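Please read through the structure below; I'll follow up with questions.
Letters A, B and C name the chains as they come in the text, with residue numbers starting at 1 for each one.
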Amino acid sequence: MAANIQLDENGRLRHFLSIEGLNREIITEILDTAESFTSVTDRIIKKVPILRGKTVANLFFEASTRTRSTFELAEQRLSADILSLNVDTSATVKGESLLDTIRNLEAMQIDMFVIRHKDSGSAHFFAQHVRPGVSVLNAGDGQHEHPTQAMLDMYTIRHHKQDFTRLRVAIVGDIMHSRVARSQIHALNILNTAEVRVIAPKTLLPIDTESLGVQLYDNIEQGLRDVDVVIMLRLQKERMRGAFLPSEKEYFNLFGLTQERLNRARPDAIVMHPGPANRGVEIESSVMDGSQSVILQQVGFGISVRMAVMSMIVGQSSRGLSSRGQSSLQGSA
Amino acid sequence: MAANIQLDENGRLRHFLSIEGLNREIITEILDTAESFTSVTDRIIKKVPILRGKTVANLFFEASTRTRSTFELAEQRLSADILSLNVDTSATVKGESLLDTIRNLEAMQIDMFVIRHKDSGSAHFFAQHVRPGVSVLNAGDGQHEHPTQAMLDMYTIRHHKQDFTRLRVAIVGDIMHSRVARSQIHALNILNTAEVRVIAPKTLLPIDTESLGVQLYDNIEQGLRDVDVVIMLRLQKERMRGAFLPSEKEYFNLFGLTQERLNRARPDAIVMHPGPANRGVEIESSVMDGSQSVILQQVGFGISVRMAVMSMIVGQSSRGLSSRGQSSLQGSA
Amino acid sequence: MAANIQLDENGRLRHFLSIEGLNREIITEILDTAESFTSVTDRIIKKVPILRGKTVANLFFEASTRTRSTFELAEQRLSADILSLNVDTSATVKGESLLDTIRNLEAMQIDMFVIRHKDSGSAHFFAQHVRPGVSVLNAGDGQHEHPTQAMLDMYTIRHHKQDFTRLRVAIVGDIMHSRVARSQIHALNILNTAEVRVIAPKTLLPIDTESLGVQLYDNIEQGLRDVDVVIMLRLQKERMRGAFLPSEKEYFNLFGLTQERLNRARPDAIVMHPGPANRGVEIESSVMDGSQSVILQQVGFGISVRMAVMSMIVGQSSRGLSSRGQSSLQGSA
């Protein structure tokens, strides 16, 4: 899939579809911009006029409370006009219908589309068909990518660990079906992470992992040894029904993150999860709520990162604008 | 139905319920006002404070993604507070309950109601019962009228053809059940359109069409000859089940708009459709996407027209205010 | 249940969970503040910037069009950012899941939660678990309390009758299961109402009513004699199926408010109902629409009261701010 559709002729972000195809410069700019939206007290600068007079359409062909909520909050805090549609997938199965949906919404002068869809490649499809000046953000497409999730994960890691080039990062779970893992692996590699490990049952390891430049483990005790970051994936329970996995209990016994297992990682290792977590399936409740967990922080960073991507796409550097935003707010409050 | 309820004692727009009963002056003012909301580059001036501090309630007793989305965008771009309710019709079948709904919402200091309801006359019913200062917009009532749709159609025609008095316009499809067609015919007549033709199977021609001042055709080849504008109607598939219509395929064979049939119209004829279209039923896919189609333009004009009607109702002339809006935006951006 | 969780160390409102535990000073301040949001013409000052840059999350685990609409309008008129979620209760039955929901939303930098939930005590549970600076408003929890409803009722009574210490107030209906009645009784007692009467079938009288300091009646004719205020409760039809109640017709015959029965009250008595009313079950249609009914006024006052509570919680006195809001509005309009 052509990734350079994401950038304009000057190498600036136009769409945000996948981590694959982005360079370190852009990814670092997103992280820096997100940081400017998070104040020293960990509270987001709540309202800036960066998207005032712009319209963002949230098209969720797949339900997702968390991702949708954080996008909507990011949009409100950027002062956008917002059109949120839960689109009935059954009505838009055919490519032509999806194209009709794009064309009709575009005719409503939408400036930016946020799209979540069960089909891999659907965000690219949208991006290929919108007219100049209109942007597309991928909020998760099939098993392909979930790039804003990966960016908030990178933000969280950098927040706690600074330098990626010295880090060992382990991703644990259903790598094969996870768009989150795909995006994370691309981002970690682009940021020159010292070592990226993938820990999963053999049935859930994708065939092409080696080409992704990761170390494979099917034993969690071995995989976690001396890592700085542990990223747990959500176990999709429907995988149980296929031949991929044994029972939940069995999965927990073999791959669940317990405190005992976590103790094999570095003492200052952090634990991450994209949520919502299945307590007692992929992660022990006490670990999720424990002192090494940064899972809830991730949620808040997700808003900053989404604000950053949207503000970069409309072509406004964050630092300049956040001060303009501040003064404007003072003017109107 | 008393149409003059729409105008106040000074002849200014108070409600917007039906095209029937409006004069050419008002209709032209709506078109002119809508034009002021559409910039030279076909992009709407995105945000003006005309409805700031006003509350608009969207009551959709019938679902409609497109009409509802364009109303909500128009309201946001006018800076209104918005309350959108999908009302379960089963809970409000009785007139008394509908009246209770009106009274309760009115008590919430709603300034403007946008209503879509399956019963003809329901918007008038609302308008008759709201208190002074509160306005009602009809977003489609049964088989009666859909006046904002007709206004955006007139806007589209004027945009491309200017002078109505020299035009031949054909409306093709299920005229009998179509509130869109009723509103269009009224509007075209008020604007002194040279000739309005109606093309439909005999079973779908309303009995009173002659009183509407239109020419009847049950043959599409003859009806399209030398027209300047072709307006296709959406075929409601549930009509198939009644005795009104043969199969979809048969309908397409007899009344579907193909390029070949369109060639009988004037070479510069435009093709319109209120959407969503059934490709391959009332219109051939290639015609819908072809160079004569202005179907997607209609969607965008729908926002301008709805902004125009709402701004006229709150009693603010558009041109004066759009410049105020602009300067205010510059102040706060 | 510890009620003082509602107040901070300076005795200012931090959460708004129950009328029980509040003092007369706070309740009077809410009523005074609400009054400042209602202009002389009974129209709310529509837009003030008191919550600009703050985010309010509406979590409705139980559906309610009226309560939710008035909260959303109050929030918009205070210029808040708004996240509204209809939460599927089946997904959050366990306490731990509810806590996860709180934690995740909190991580999104929500400043204020409005919660409606079928379980008594759920708003307190939320309040006990949110971090400093985050507030919780109870929009109805099980059979426990519905404090903003009680406050709008007190506002309505004071608007018409001024001095509570001379009033006889009767509450009629299913007292036992009604959170509205519980909140009303507490509020009326705190405001030193001369006499609070409760009128209900014996099967619907709670056991602890005497400790609530009310007079009990199971005969409506006797109970209404000489009262100044009649508050009807909505009859939950599902009570019919239990052994609590006879048929609707029988209930109306025994406890329905007819004009004849109302004539036993004082001639200037007002009739109230939290809505939605069952016409012909707990109240005769003509009484509901009659000259003594203030039921629709209650709805509008509900917005003022909710604005008041939210503005007090963010720690801004209404009168100072409403003038700031006004001038800001003039600046931006």
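Points worth noting:
In this text, contacts are C-beta pairs under 8 Å (C-beta built on N, C-alpha and C of every residue); 3 or more make two chains touch, one makes a residue touch a chain.
All figures in this text were calculated on a predicted structure; none of them were measured in a lab.
Viewed as a contact network, the protein chains are fully connected, with every chain touching every other.
Rotation angle, chain A onto chain C, C-alpha superposition: 120 degrees, expressed as a multiple of 5.
Although chain A and chain B carry the same sequence, what matters here is overlap: shared residue numbers make up under half of all numbers found at their interface. Rounded to whole angstrom units, the spacing between the C-alpha centres of chain A and chain B is 41. Residue positions of chain C with contacts to 2 or more other chains are 331-332.
Looking at the complex, you find that chain C touches chain B at residues 43-44, 46-47, 65-66, 69-70, 72-73, 76-77, 275-276, 279, 285, 296-300, 303, 329, 331-333. Residues of chain C touching chain A in their complex: 49, 52-55, 81-83, 85, 96, 100, 103-109, 328, 331-332.
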